[in-house]
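Okay, so subunit A shows up in both of these, paired with subunit B first and subunit C after.
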Partner chain A sequence: MSAPVRRTPVVVWLRRNLFRSWVDGVITTVAALVSAWVLYKSVNFVLVTGRWEVIERNLQLLMIGRYPADDVSRLAITVIVLSGWVGVIAGIVHARQVRAGRIDPSATAWSRRRVVDLTERFWIPALVILLLLVLTDTAGPWIMTGVAVVVAIVGRIVGPFIGRRITGVVAGASLAIVLAAVPIVLYAMIVDAVGFDEWGGFMLNVFLAACSIILCYPLGVLLALGRRSRLPLVRLVSTLYIELVRGAPLFVLLLFANVALGFFVPEGLTPSTPTRAIVVFTLFTAAYMAEIVRGGLQSVPTGQFEAAKALGLSPPRQTFLIVLPQALRNVIPAQIGQLISLFKDTALAGVAMGLFELLRVSEAITQQPDFRGQGLIGETLAFGAMLFWTVSYTMSRESQRLERKLGVGTR
Partner chain B sequence: MTRTVTNKRWKFAAGIAAIALVAGACGGDDDDADDGDDVAADDTAADEPATDDTAADDAPADEPSDEPATDDTVEVTQDGGVLDRVLDAGTVRCGTRDALPGFAVLTEDGEHVGFDSDFCRAIAAAVLGDAEAVEHVDLETADRFTALQSGEVDVLVRNTTWTASRDGAEGATFLQTNFYDGQGMMVNAGDFESLDEMDGVTVCVAQGTTTEGNAAAEAARLGLDWEVRAFENTDLIQEAFIAGQCDGWSSDVSQLTGLRSVYPDGPDALTILPEVFSKEPLGPAVADGDSQWAQIVNWAIMATIQAEELGVSSENVDSFSDTEDINIQRFLGIGGGEEGAVLDPGLGLPTDFAYQVVSQVGNYGEIFDRHLSPLGLERGVNALWTDGGLMYTPPYR
Partner chain C sequence: MTATVAPTRVPIWRDVRVLQWLFQLLVVAVAAAVVIWLFGNYRTNSENQGIPTSFDFLDNPASFEITGNDMSQNASVRTALVQGFLNTMRISVAGIVAATVLGTIIGVARLSKNWLVNKMAAVYVEAIRNVPLPLFVVFGALAVVLGVFPRIQEAWEPAGLMVISNRGIAGPWFTGSGRWLIVIGIVGAVAWWAVARWRRAVSDRSGAPANSGLWGGAAFAIVVVVGWAALGFGVTLPEVDGRRSAGGIRIDPSFFAIFFALVIYTASHIAEIVRGSIQAVPRGQGEAANALALSGFQRMWYVVLPQAFRIAIPPVGNQYLNLIKNSSLGAGIGYYDITLVTQTTVGNGSPAVPAFTITLLVYISISLVTSLFVNIANRRVALVER
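What follows is the complex of A and B.
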């Protein structure tokens, strides 16, 4: 874009690109005025007129809801251990890929380029986390974040050694089991003390989305395969499921799970509300995921299926080794779009199920004696929007990076 | 070849197992948490008979006899019912909300504070002897009755108007009204003097409440042309009102008073018209079909009113321990009189429930002063009957 500016004078460039005809001129002027006005209003709101005290004083409520103060240390431990866990897994995966010759080890060696690359990837979430930390008035979150970052880096450094050392099938399987056990132990530790109903704030949104994403993905893939199955019953069930669930509004499903479940399930067996939300989000997104994956499956050329057969692979291996990897790769943008949408939809759980998630906190805190009647809903919603946008945009950026890495659209 | 295939299968199986584990972790019910609660509940249950010998014969004995507690009466409590669930769980699940100034708002620490919240605490104090043993469940206006019917909450104290269809079709049983309200109209000062002058105007109300229908009915009754616009919450109405999109703002007078007191241009910029055009008795509700629980909740609420009438408050309740007044003795569960017997009316409540309510939460006047007076609300019709108000309870004997 900047190339013509260097070659041609600014006036000429402007005339060519923005004022070619009088219609262009009008559109340009109007658009420029509107954007300038919006920009001015936004900056003015954030820096001048916005009254952010309501956010500052209620930050804990916004982030973790009514989670009991005595047990916050459990959350901190969870965050720290999970950071290390992610670091170790990233290290192991990296080591495996290097060994398989899929990536060049020098690309990830510590260099200026690598630092720039990481900064580019994570500066927005880092900035937002820093902002949140600045707003807190206790040292706890600072310590937690600091330790978590250090642990993640240590995990990333240690990971490759583990990945290189543990190679056999049995050892690999045990490693997988150990790694899978970590989140479960953490989960037990948190839920044992606090239970689900006390969860709230942005933490709840993230938790609902994370669990639903992990659960809906395999279910979606299985449904997509089921819909293309040669067995009539499997095909029928998958198709019915997909069409039924896709035909119902998410809001209605959430309401149903919230209010109607109590009439069918005996009291005492009814799952907690967040569990119901996770189930609904999972089942709903799986149906959409199935159609996206099916699109991916259809984009794999017939030749690939035939080649897989010609190699003498068993049908499951044809699918899981040859067809699915290509199919999933082809539909990364659509998949991530669906997952981002799922993440944002967690806000619906507040309205439909009364969960105390970010949106509801945003509304509730404007009615506190110190803040009511001041029309602060704009401030609190803007804060919530920022958090949602940060996570969604990071997901989107990371998916684009993944696409580039896997060469979607270029090969 | 076969071996590699087997290996791959193992890997695949391990992968599936890992997914299943994660699934179990995420989707699993909070059994563990429940276990934790149960332990806590057992503690309270165990404490109760220890601290209060009468807990056993508070059981809903078929005949309220004066026989000492026997195993039989304990067994009666094992029959289903909300009381047993509450005693088992050690908490009262109270349907409430989190953003209604004066009635229930969240503090920065996530505590529910307000007039309604205090009545939730009063019920817990009466039943469990601990005002903090409340689980506040925030409910949306639209699903509050469903939550009550499906047993998600034990009692609804959520600024809810007692109407015939709610008593009937909604399956709720309304109890002692704890706040008499009525719908009014607020306008910019000087715009209108009475409702009759408001013709061809836009009236803004909150969605999903009785307010919406009342406004339309009142317009029809007066033969006026009102456009009733519904908004999702009061903040949005206020924005619209300031922006001049509404000529009138209609809601319960208690709400309007509170909103007027924090209006950005000062309370004097607004006038609440003298006409009150609906009756809005607000009170707690329980689900139909459990009259024992309904009576328990009723008497817990009435205890606050009775206490005010007797002049008993959280400040002075302990000074009545050697009172000679038979009414106060009965009410506070103090043995007195010639036989020294404690009155047990057989409600299924501990005999000292009123003492617990008053000492931990306060009497009606205290609760009102704590939460509603700061909004600028007067006692008005909510004064005691002895002061010309509507607060009147049956005698406790």
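What follows is the complex of A and C.
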């Protein structure tokens, strides 16, 4: 006898999922009407009523602000080198994971499943990048994106070889230094050409978030260690800083720094507006990062401390070699969450400090002579929201994936 | 014979206790040095620029108007700051209530067995929480209020009860003393509590259904109606009067915009917490409720939600704190909360550092008081473990 064929006809599916009872039926009908209306309005807005000329004409302003056209090539080089750099790092990390036996190499071999998996993970950002490219009227961005993708893939393929070849402390350390030097050199190259004040657009949002998350790290880790310290005075200082900063709104801190940061440094050292923003974002995020790291420290079993002590390691070595690496790894998803929230908060810098970041550009371009008084704010804000949404959503999806991979909470 | 080991004295530079104290002193010294350096710079710079560092400016006349508040022309900066603080509290309380209601509904919908409702809630949460709040604030101010709402000449007047225009939203309101209204509310609440308690006692004695909510609500309604009639309260409806609306209560457009943004945004975060908390309630609880033949609503309301509530308190409290702090964004679109008052008064010549110090301390105090309440609530509902 063959097993009965299981099938759920459409009617059964509908009854199970949409019309369980008459109340459910009413709710479904109302919800269907509402969602149909929203869907109709959105599609209509995107395809019919939206006047997207304002975006097309100002795309460069929205993406990179008033960055001088002569130096745009430096940005392109930066993007290309950075994507190769990311590819190499991904390759090295992958090789090490394979060697440590954490990843089965066959799981990442090229197969249909892997292609489907990658498509599922990255189709949204890919689509948005494609849309941005279609909106441009020059060949430059196309070439840049193409080269960047190729370089990233090459880096990903080359990376494992570097990772496998280079072993030992000295070689590892020099590799780390080379890898760390790449973004610094790139940074120097772009800042060298154009002063900070001419940065703008979405690039500025990304830049502010990247700078602040890197700079806040040392302070955040120190504060977390301080708060967990057995020494009462150290604990007091750290706790005071963390709680005071967490009680204050970021927006007010930005406003305050905008008018008053100059008072707190010697005359003549008054920082430029983007620097002020980075200072505030860094000091602010450090307090939140400290709380995240503290959570990580608490998740390390006491046995690890005791084992480190039994080995005769000094307290700093116990902390930096045994406890901290485990603590930081345990809270990677929370750190990405903080990065996402910092990235979204960079939109505050425009409102509070007048920085020419994406939100401010979106507002400003509706006031151009060609577009003034036409009520185009919906279009420009929708475009800005799309960019922010894509980056945040992709990051949070990747963070969830990482969380599953690390097995946080299931181990 | 037992050999006695002479205690070896640790040299002072290797004594852990001494080293720890030295390290602590070093940390405090560094922290103090940073603070003193910053403060010293501040003193020198202020003196050089002739800017006062005292708080005397609080008594100066504010010389600006706060939209929607009656503040006399020559009120002091202090009065303006107090009004700003009250506005901050207004938007915070209104936002917290609305965001909680909306967030809970969406969070429950997110777990609905109804496929369509479930997906709608999921799309809402994912779409909203990945977009920065300032975008919603600007959208609320520039697109909804100025773009969607009509001019006052063509104001919408649904059923004659409200006047909706880009000058604000006006709705019906009561006439009479606000203080007495609060008294009526307190008396009503006490009546509700007493009747509900009595009904539960009856239910415990006789086994009859308590229906305490129904009885209590009725008691509350009776108190309100009687009190309303006895104290001579009336109702005023808003109407268009030339270029503005008169009568009723008017909600300022800037209030509406920041309220809209805060509620939409915070609700998406609260919805995720509600969903997580409901999922964290052991499955056996819901199954036990099913075994007792409770209805779907009863299962949710009496069994699952109370337990989810306990789990949700700390993270939801965090969201409330975020909402209060985010309400400062209203300053960006002209809502006179304490932030905008400070900004304006600094623009008018008050010294920036003292003024912003006051504002920051106010926010920090609000945060501390709120988290105190959250902690108390958390302790009261926490499971008592053996």
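As a working rule, the second predicted complex is superposed on the first by the 331 of 411 C-alpha atoms of A that agree within 3 Å, B and C clash if a C-alpha of one lies under 4 Å from a C-alpha of the other, contacts with A are read in each partner's own complex, and residues count from 1 in each chain.
Just so it is clear, contacts are C-beta pairs under 8 Å (C-beta built on N, C-alpha and C of every residue); 3 or more make two chains touch, one makes a residue touch a chain.
Only a predicted model underlies this, so the values are computations on that prediction, with no experimental measurement involved.
Novice: Subunit B versus subunit C on the shared subunit A, clash or fit?
Specialist: Taken together on subunit A, subunit C would clash with subunit B, as the superposition shows.
Novice: Thinking of the overlay built on chain A, is A:S396 touched by subunit B (first), by subunit C (second), by both, or by neither?
Specialist: Once the two structures are laid over each other on A, A:S396 reaches subunit C alone.
Novice: Looking at the overlay, does A:L61 come into contact with subunit B only (first), subunit C only (second), both, or neither?
Specialist: A:L61: touches subunit B, not subunit C.
Novice: Does subunit B (first) or subunit C (second) touch A:P271, or do both, or does neither?
Specialist: In the superposed model, A:P271 contacts subunit B only, not subunit C.
Novice: May I ask you to decide whether A:C211 touches subunit B, subunit C, both, or neither, giving the answer as first, second, both or neither?
Specialist: After superposing on A, A:C211 lies in contact with subunit B but is clear of subunit C.
Novice: Does the superposition put A:F196 against subunit B (first), subunit C (second), both, or neither?
Specialist: first
Novice: Considering only the touch criterion stated at the top, classify A:G375 as touching first (subunit B), second (subunit C), both, or neither.
Specialist: both
Novice: Looking at A:A181, would you say it contacts subunit B, subunit C, both, or neither? Reply first, second, both or neither.
Specialist: In the superposed model, A:A181 contacts subunit B only, not subunit C.
Novice: Applying the document's definition of touch, where does A:L255 land relative to subunit B and subunit C: first, second, both, or neither?
Specialist: both
Novice: Thinking of the overlay built on chain A, is A:Q367 touched by subunit B (first), by subunit C (second), by both, or by neither?
Specialist: First partner only.
Novice: In the superposed arrangement, what residues of subunit A touch both subunit B and subunit C?
Specialist: 255, 259-260, 262-263, 267, 351, 363, 375, 377
Novice: Which positions of subunit A touch subunit C when the two form their complex?
Specialist: 17-18, 20, 24, 27-28, 31-32, 34-35, 226, 231-234, 237, 243-244, 246-253, 255-256, 259-260, 262-267, 340, 344-348, 350-352, 359, 362-363, 375, 377-378, 381, 384-385, 388-389, 392-393, 396
Novice: Can you name the residues of subunit B that touch subunit A in the complex?
Specialist: Subunit B residues touching subunit A: 5, 7-8, 10-12, 14-15, 17-19, 21-30, 32-34, 36-37, 85, 98-101, 105-110, 135, 137-140, 143, 146-147, 149-152, 233, 235-236, 238-239, 242, 258-259, 261-264, 374.
Novice: Which residues, counting only subunit C, touch subunit A once they are in their complex?
Specialist: Per the stated touch rule, the residues are 20, 23-25, 27-28, 31, 38, 41-42, 44-46, 48, 113-117, 120, 126-127, 130-135, 137-139, 142-143, 146-147, 325-326, 328-329, 331-332, 339, 342-343, 346, 352-353, 356, 359-360, 363-365, 367-368.
Novice: Looking at the complex, which residues from subunit A come into contact with subunit B?
Specialist: Against subunit B, the touching part of subunit A is residues 57-58, 60-61, 65-67, 69, 169, 172-173, 176-177, 180-181, 183-184, 187-188, 191-197, 200, 210-212, 214-215, 218, 255, 258-263, 267, 271-272, 275, 278-279, 282, 314, 316-317, 320, 351, 354, 356, 360, 363-369, 372-377.
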